[in-house]
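Next up: the structures, one after another.
Paired with chain B in one complex and with chain C in the other, chain A is shared by the two complexes that follow.
Right, the complex of A and B next:
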């Protein structure tokens, strides 16, 4: 008995630790290798941190839908695109009356544009949700992919509204974010390096110079991320979040106790659209120039990889997955890493040359595609062997009280929970083919 | 001079038939997998890409290995390439069942996991192909890659039927030989698969498994074997169609299959997932809507078209110059989906009405 309890206590944490380290150590090694190869290391670091924060917000938004209420939304990228486009275009094309207020004008304009962008995201999310939330999971998935593609097409073809007006000539498809340039690099205290203020850590340790505005942007992003994280955690812990989890597990039971399931679904879809719009605004601030072609469904698939590696229905998991995968992707993009990893297999290879010549293959194993192959394999392995992800979703809300129980009592309570879960899962699947009749058809 | 009918109706109709035939060839497999295994395989798009590349690869190997003069018809034979793609993609389908989907089913995973797993498989296949064959689009025409049947490739019908008629204007038909092959093969595949489902033991076993796994097992059907046969046939037919589609394109790349994902799923959902005959009807609907959108939007964009009328109207009311709404022919795929959304609003079970699209009892 004691052994079993110990095994139980060890099991999940140990597995998380082992798999986590098995993933994190090679990725960290690769990342540090890539970092050391850079000439300006601080820009690389800051870029990674910003990208992690942007996609963390996106992953949170997706996790709220997929992990909490069980709606597999594959059109998340549309709200990224809408947030980025609308906030940028409203800032740079239209001058609101309060733009000319001395001092706070541009910032007020930017905040207002962002607010409008988020409201439009919410509206579009609501409009998309109305016809789709009642659909079955795979129909919902394909309809949301299609909705995202329709929005991308609109952004791509509606020149008047969604292309950047140029001072001379026709509007441009590539949109550059002027906000960040205008009120960070131009203003007095922001456009100085940290060394100007006497903080010479980055220069001393040979990391390259850091501007004050970069630090300010990182601090703002971290504040946004923490606020969003807290907000999503509050939703998850509240009775509302419990209802959402109940809908995910068994929507018929929830209907039978008198809840309007569709209403919960569209509410969450709209809320997640707002958060994704926020992530889109941050995307525009981070990547500065973008066009409609950047918002293909692959971006949504990336978000799925983040949350499934990290753990569904779990904000910490979303962060862990985003950080690991983003560091891996960023490191594999670096030129030095590419040169060292690239491998040529073809007719001029030493031993296997003739075989490849016969097969007419000249293969360059390049990290650009290799990293995505590796990611896909990791995703499938996680689905097969660790469906709960690196950090599994907490089984109960009341961790605080569970800590007061003895290990034996905790094990019994958890066994009861998992027994009930496996029962509902078996009912859901219904037809397991466990027996194999021997006769032929 | 254009007549009263300014559009080349005959030519557009032939394009609709070609596109619908392609869609039918590519969606039969998806429907089979859905009806037997009960999940939407998003990796199907990459099965198409895989079929395109394997058929092209066989052409490269044969061109290198065999002398061109004596065995030209063997090297340049589209049907041999398509059959090779059939076998290779069929093996790929079985591999995905053995490695991923079968295991997921034994884990009793929820449908969401199947969807995400199929997207992961798609990611792996797409990038693996890009790694092996290169990221850039492959030119298809020119050199040895003009793949055709062992007869003259100019068999394609290219002639103007009516010229400068006061009523009909210009009407002509322009079909390449590849498109003729696609249409013929599509009809052939449809009848073969229909015969297989109705008359052969394998088809009956598939339908039994599709209805109820337990009952099929009780009647002595080895459902595991049926699942493998389904994967092989479904993926194989897709590869066959992809090889034909590849031969008709000027160039092809690793993203081509993914670009077909949305039209394919539009056809399958509109026809009712898992329904064979509904799929055929909806392929024609989707192809027609797409082609009509291209025609109508091109007309709207021409001088004096609706786009300019709206612009003019907007200018008269507000005094602001510039385009208001763009009718880009690139919207064609999107319009197909809008039709689909409206159909799902009023008839969620699709044309055939075999499957409920909404969640049960909610």
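Right, the complex of A and C next:
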């Protein structure tokens, strides 16, 4: 019943608003609770913002494939891993070839590493795409999940190349990205707090101090996110994107009008691989230390949760989903949230308390251990009742084509539409009060 | 009969020529050496009982499924594979003239105007100017009717990834032209009133018209229509047929249809198919009086 109401009877905007609030209020509550428990609140806040931006770009990449052209890529995490590994190894470990040039060396090295990472992601994306895009959706999913795992295992066990050589002892599996650290420590004015420049908002509101470099990184990440968003939007709005949607709905008809469906598919897969590689580079910069074990398929599933909750085939939805779920995940990991939630559930009251203790419910009932269950339930509810997501893909309409026409051309067509519609209306009314059926067929 | 034979002899006047086509599905012989020759700017019909291989012939012609080798059912697998292998080697290294020539006669061939279609992909075949519709109508359910038409034009500038960013002006201009063309086609098919509806909201008949419209967006020279009037009320059916007749000026129409009134009233020539073979061909009058056809398909009423 509730589903029926959600599906048919509520206005779409209102539904987004209601469900959005129903989801956002508890998450915000949890998040603020977690935030207040922090000693350095600004770090927590900045960490969340950066994570949201990184995963937003990852979600865009996935949505371009799943939402726009209907290719269920379950190996997305591999490109995260490739982007992170290659950029970090080139910049922080091998430092080849530009790093030691005086002055511009590190910057040139950083740009070079990022570029190489993205190019390699594109190549691998292309190589994976060629044999797989002709497969049916379910086989495509299986192939990509397998491909992703293969890449992760190579990164994990190929010690010669993908482990960081240590000054003493065997190579280390954990890779550290030093890009942000190197660019900011000791480099005036990045290493100064905002208060140094007279902007004391964070200190005044007791959030801890914020360094200029943190703001710069956030601004750069936001710029990258906006550019990627713009890029994806351009594709979606173009005739190219229209053909992609047609492929998603029925590729046989697309072939029958003479379009090479595989070309579109491998292009999108390759492009999405580049974007995921970009997200991987940002992932490495944000989380600084990582290893192959961080890139398990779970990360891909997280991205799926973001875009399904947010709305498939829709970049703004990808952002909404990423932001909500990331805030939940971040808040759930905070120690105070984990501990205090069982207090709410009455572990100290006389009757329930011992039972609570006996069953060790506090281990289960805390948002960190329950997060997969909670996300799973939310996901299932969405799939059942709001498959289009929080912000559904905008309905296509003809406005953008019709507004290219001259007023006369447009009026002629509009008139034909409305003339015929009122005619059918009249026919319908006419039929109701005459006994003779209008058509004998 | 004479008339049609004369036309066949003039190679410039032939739009489509499919010779000796075989198609086997496992043991099912869907096509057994069917041959059709379709002259330009005519409306040609293909009739025959259910399961006689009409759709299969269309699939082979439009390169949706590969044709079978006539030997496929005759020889043992082993022998067959060996023979193919040797043929391949001969063709590649031996350069023997005869091994190039002999197969095409036994194996059969599909020619569209001057083009040999064998071995093309479905989309490549569609790019040659030969378009088809499907027996079960297909559309893009979430796209508007106008968009359904706008996807169709071939070689759009805006369909190349790079051009989206560097050839905006040209794309805009093309979109405008295509929109005007689409509106014209909607007018022609008299379905302007469903312009703003989306594919999944349409009725069966409207979908048939939309499929026809989509095909017209590409200005095809040969149109293969698989039962365009199935499930359509006779008034609308006649309307569609009149529309199709108007297309004869620019294109050739090859039509599969079970509605005999339509077939006999509108066709220039009729092919009759039964059990994977063409059993008769001729003008409507000739077919109507052909004993074999009456037996196989039309029944005693005719």
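Observations, loosely collected:
Note that the second predicted complex is superposed on the first by the 354 of 441 C-alpha atoms of A that agree within 3 Å, B and C clash if a C-alpha of one lies under 4 Å from a C-alpha of the other, contacts with A are read in each partner's own complex, and residues count from 1 in each chain.
Rule of thumb we're sticking to: contacts are C-beta pairs under 8 Å (C-beta built on N, C-alpha and C of every residue); 3 or more make two chains touch, one makes a residue touch a chain.
This structure is a prediction, so every number in the text was calculated from the model and none was measured.
Taking chain B and chain C in turn and counting the residues of chain A each one touches, the greater count comes from B. By the touch criterion defined above, A:417 lies against chain C but remains apart from chain B after alignment on the C-alpha atoms of chain A. By the touch criterion defined above, A:242 lies against chain C but remains apart from chain B after alignment on the C-alpha atoms of chain A. By the touch criterion defined above, A:267 reaches chain C but does not reach chain B. In the superposition on chain A, contact of A:123 is made with neither chain B nor chain C. Contact with chain C, but none with chain B, is seen for A:409 once the two complexes are overlaid on the shared chain.
In the superposition on chain A, contact is made by A:255 with both chain B and chain C. Look at A:66: by the touch rule set out above, it reaches chain B but stays clear of chain C.
When the two complexes are overlaid on their common chain A, residue A:375 makes contact with chain B while staying clear of chain C. Shared contact residues on chain A (touching chain B in one structure, chain C in the other): 252, 255, 261, 439, 441. Within the complex formed with chain A, the chain B residues making contact are 39-40, 42, 57, 60-61, 63-65, 100, 103-113, 115-117, 119-124, 126-128, 130-132, 134-135, 201-202, 205, 212-214, 217, 220-226, 261-262, 265-266, 269, 273, 322-326, 328, 330-331, 333-334, 337-338, 340-341, 344-345, 348, 356-362. Interface residues of chain C, counted against chain A in their complex, comprise 62, 121-124, 126-127, 131-132, 134, 138-144, 146-147, 150-152, 154, 156-161, 164-165, 171-172, 175-176, 179-180, 183, 186-187, 192-193, 195-196, 198-199, 214-215, 217-218, 233-235. Chain A contributes residues 66, 70, 72, 131, 134-139, 141-143, 145-147, 149-150, 153-154, 156-160, 251-252, 255, 261-262, 301, 304-305, 308, 357-361, 363-366, 368-370, 372-373, 375-377, 379-380, 383-384, 387, 425-426, 428-429, 431-433, 435-441 to its touches with chain B in the complex. Every residue of chain A that touches chain C in the complex is listed here, in rising order: 234-235, 238-240, 242-243, 245-246, 249-250, 252-261, 267, 271, 395-398, 401-402, 404-405, 409, 413, 416-417, 419-421, 424, 439, 441.
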